[in-house]
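Two complexes come next, and they have one chain in common, subunit A, joined by subunit B in the first and subunit C in the second.
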Partner chain A sequence: MDTPDFKVRTRAKLADRTMHAVLWLVALTFVGVLLVFVGAILKQGWPELNLHFLTSMPKTLDAGGGIAPELLNSLYLVAISLILALPIGVGAGIYMAEYAGQGRALRFFRLCVETLAATPSIVLALFGMILFVQMMGWSFSIRSGAFTLALLNVPVITRVTEESLRAVPRELIEASYGLGATKLQTILKVALPYAATGILTGVVLTAGRAFGESAILVFTAGTNTSDKFPDFRLSVPGETLSVHLWYVTSDGTLPDASQIAAGTAAVMILVLLVLNLLVRLLDRAIRRRTR
Partner chain B sequence: MDDLLPATTLDAPGPPAQAGPARLRTAPLFRHSRLNRLADRGTRFVLLACTLLVVGLIGGILYFLAIRGAAAFIPMAGNTDKVATFRQVFLSTNWDPGDGHFGILPFVAGTFAVTGLALLIAAPTGVLAGVFIAKVAPPWMRTLMRQVMDLLVGIPSVVYGIFGLTVILPLVGHAWLADAPAAGFGVSAAILAVMIVPTIVSLATDAFESLPASLDEGSQALGSTRWQSIWRVLIPAARPRLLTACVLGLGRAIGEAMAVQMVIGNNPQWILLMRQATDQTPVLRFLFTPAATLTTELVQELPNTAAGSTWNNVLFAMGLLLYLITMLLILATRRLGRQEHA
Partner chain C sequence: MLNPQIPETKPVKLAVRGMNFWYGEKKILHDLSMDIHAERATAIIGPSGCGKSTFLKCFNRIHEVSSQVRVTGDMLMDGVDINRGGIDQVDLRRRVGMVFQKPNPFPRSIYENVAFGPRLFGVRDRATLDDLVEDALRKAALWDEVKDRLKDSATGMSGGQQQRLCIARALAVHPEVLLMDEPCSALDPIATSKIEELIFELKDSLTIVIVTHNMQQAARVSDYTAFFWLGKMVEMDLTERIFTTPRERMTEDYITGRFG
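Moving on, here comes the complex of A and B:
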């Protein structure tokens, strides 16, 4: 046997060390990107964040407007869209996990849920615009926005429900049947309570996505708010924070558009950081139980 | 036998009423009324209805977009002006709706240019980050990376857009373009890349983690370095799932509207502009000429067009095209998934 080829070995070791460094570099770059990103948004928006900004009405032509109705609309729309999407999403998730079997039907349903989840939000916006805004005659309103936004939520909730139900230990289910429970009783009293934390995590994630969504709402909830505040009617236009952020920057009639946009972006980042923390806590709760 | 059962569930002490095993006295855990049995059967159908609603939604979306899109080519009730031909729409680069020119090629080309560029950045870095998280990173770094990706994926597209608009565009403008705006494919693709990287990283991490440990161990036992084992064994073994990750990332990029719309410059005549400009190198021209994509054009023009006009209908046809492309990508991932099992 020949002596080991030292050149090759050293070259391999050099490549190994270089790529090790490259991997760390790539990873740290992403950490850096996030830090710079969140840092820049918060730094730009910080001076704008005060009680006046959060609690007063927006202005259309003068400086000094606030974001009170937008903030309310954001939360209101997320809440309604979740109320609309939860029963359908959870119902479909239960069906797929417990009733659909393992065959072709399940594969087809999964493909559909996946396709719906991957549908570009602008396409959902077009659909919502045709169906709710035009055909139902709801025009640009909270209800048009909420119904279309629900379409964005449904597939995510369905998938999370199915996954959480599949993660329920087999023994629990069998024990329940062994005690004489019907399938429905088993699902309601054993499987769903066990899967609830997982589903809740999914719901919070969905809420975050809906909160940040803008393309759908520009074309269904509109770029205006009601003159009244607070206005909980479903038929009034419901501009949200994200739509406001986009609208003031692209419209350009506000003298302080960049400040308003910076403040709005900072508020959105703060809300999402809180939601993220909530997801982390729920996640920890799940892990503690499974251990 | 009696002492095996918990005392509380036994009949009260005393002479047994009848010979036989002790009876349980607590209320049954699950009641079996007729109502219960009926509910059990009925639920199945309610739940099936929910599932079919999800399936039907996709059909509904396709149907409505197809009807409105078709109205651009076929005279229909509700049309307010002359229809266009397929040729004028799908094979022309001339977009001038006011003058009756509806060529959507600039937007199709723009979509592929910006998403291709974004994938060029996001795919390699995403796969490397995935292998880093799965195989190289110490536990604390793994946790940190997961949290970073969770946050990146949660940031709304308009916030990405405003970051591009207020931070990146001025920066790039100063560096390369003196006083010209830096809008165009370059900055849009960079932002898109950051937006789709979490998708690619999380799927790539799963792909590497689900590989059998014997692959890695065998390769290292044969004397390969860490990197040799990653490059020659792990990445080829995970290839179908890595490709799936990239295709799903591409799908996300193609559908993204607002962030791109805020930084791309929204110029339907970008092909023409790029040809005319001669003061820059072709690469810089390509990266920094204000352009447009399918999604950005929809956001830009849909609010300004009247329902029933050919202009409006062509925009819906663009939406349909966008949806069909996304669906093709989903089907492609199915194909890749089957390849993996074969």
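Moving on, here comes the complex of A and C:
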């Protein structure tokens, strides 16, 4: 055999460097767009942010309304929908990763989860309205909203739970079984703790998505709030920040609608930022204990 | 190493008779029979892919966790069949501990790693756990190195320490047999010699079966050696005899490095 010509591959090296630069530019563009976007929202909303805005009730006709119940409802609804979705999502994820095997059952469940995950939120919204608002007779309320929102959360939580569990190193699982652990002990004491940070990250992404969701809540939690504040009853309507944002800009009866909208948007962005930072800290704490 | 002139005094701990093994459809082990004596170290040697690790794992049925396997023939521990109802899998794995090729400590503290096994069996009392942990770490010759940092993460230890921790973890549930699957293959020579010394001490109270591709290691630590080739056992005898006067030509060729 002739020795091939192993000469210095200038072109390959050039391509390597070019690609590096291109990818760096793409990343930079991404950060740039995000900064401009967040900057614009905060710049417009910042003047509106004061204690009065955050702590008073909204007004329907006059200027000077606040967003206190909307802020509370947003957090409250996300919390309840997560409480509803977590046991189902994590349970289904554990089943798929550890018990469903590799055969038909797994494929069937995966199809179900993916279908639910791909369902447009407006379809879930109308489904929720028919089932919870009308048939169950719960009307536009926090619980109608929370149950429908949970439908949005379940498939995401299921998928991250399954993926996080599959990523647990086999050696650790074998170590556990090798000491005489049962399957349940292995899942609870080794697999889930290891998968915890992955599941947590997924839950936060879910929370963020639920926090920003509007279509579902317009049709299930309604566009009003209780007259009382704070009102933790599940049977009262629960307009959230994103619904409020949509409502004030499309309804047009408020003289200061654009200021209210700007302030609301800024609050939403800030809440999401805080949420993500919190998760970083929590993730690091868990990781230190379990990895 | 046992002297061939002195008769064996230890009873048979593990007896294998006419054993065959399949992974799915693929037959891996063919008609194996051997006796493994209590409180002896038995080495299994052979080229890569000869089925020695697979054979080892049959003693605690660990590959049934993730794969479809089938076993025929008899595998007895103290005369009780370990495959067909004689003993529960979970109970079997407590009695037949395992040390893996790559150190695999849990991502927890040193203490929690060793306490993991006892906790599985409901040991909660702190003083009892402390005693079990100390005892296991001493047996694994690790206590003096780690007694002041039991709360530190196990993943921060050196490879050799991690492997001794895994041995301590296995010892903490008081197994009767310890399976070691190439326990030194990821370790440097100093860490390796520490593990070998440990094997020497441990076999006073345990039955040890060790798979190794390092023939010097087999010669150093074991009393009996079995030579595997292509899923069959070519020869098994006292280590002394295998390394001086093997019966089979193939064994001789392998241990002298002429093939393998």
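Everything below uses one rule, namely that the second predicted complex is superposed on the first by the 245 of 291 C-alpha atoms of A that agree within 3 Å, B and C clash if a C-alpha of one lies under 4 Å from a C-alpha of the other, contacts with A are read in each partner's own complex, and residues count from 1 in each chain.
Here is the rule we go by: contacts are C-beta pairs under 8 Å (C-beta built on N, C-alpha and C of every residue); 3 or more make two chains touch, one makes a residue touch a chain.
Just so it is clear, the model here is predicted, and its values are computed rather than measured.
Between subunit B and subunit C, the partner in contact with more residues of subunit A is B. In the superposition on chain A, contact of A:170 is made with subunit C only, not with subunit B. When the two complexes are overlaid on their common chain A, residue A:270 makes contact with neither subunit B nor subunit C. In the superposition on chain A, contact of A:190 is made with subunit C only, not with subunit B.
Applying the stated contact rule after C-alpha superposition, one finds that A:179 touches each of subunit B and subunit C. In the superposed model, A:234 lies in contact with neither subunit B nor subunit C. By the touch criterion defined above, A:124 lies against subunit B but remains apart from subunit C after alignment on the C-alpha atoms of chain A.
Residue overlap on subunit A between its contacts with subunit B in one complex and with subunit C in the other: 179-182, 185, 189. Residues of subunit A that touch subunit C in their complex: 169-182, 185, 189-190, 194, 289-291.
Residues of subunit A that touch subunit B in their complex: 12-13, 15-16, 19-20, 22-24, 26-27, 29-31, 33-34, 37-38, 40-41, 44, 87-89, 91-92, 94-96, 99-100, 108-109, 111-116, 118-124, 126-127, 129-131, 134, 151, 154-155, 158, 179-185, 187, 189, 205, 208-209, 211-215, 218-219, 242-243, 245-246, 249-250, 258, 261-262, 265, 268-269, 272-273, 275-276, 279-280. Per the touch definition, subunit C reaches subunit A in the complex via residues 60, 62, 65-66, 90-91, 93-95, 97-98, 100, 102, 104-108, 116-117, 120-121, 155, 166, 169-170, 173. Residues 28-30, 32, 36-37, 39-40, 43-44, 46-51, 53-55, 57-58, 60-61, 64-65, 68, 125, 128-129, 131-133, 136-137, 141, 144-145, 147-152, 154-159, 161-163, 165-167, 194, 197, 201, 224-228, 230-231, 248, 251-252, 254-258, 261-262, 295, 298-299, 302-303, 307, 316, 319, 322-323, 326-327, 329-330, 334 of subunit B are the ones that touch subunit A when the two sit in their complex.
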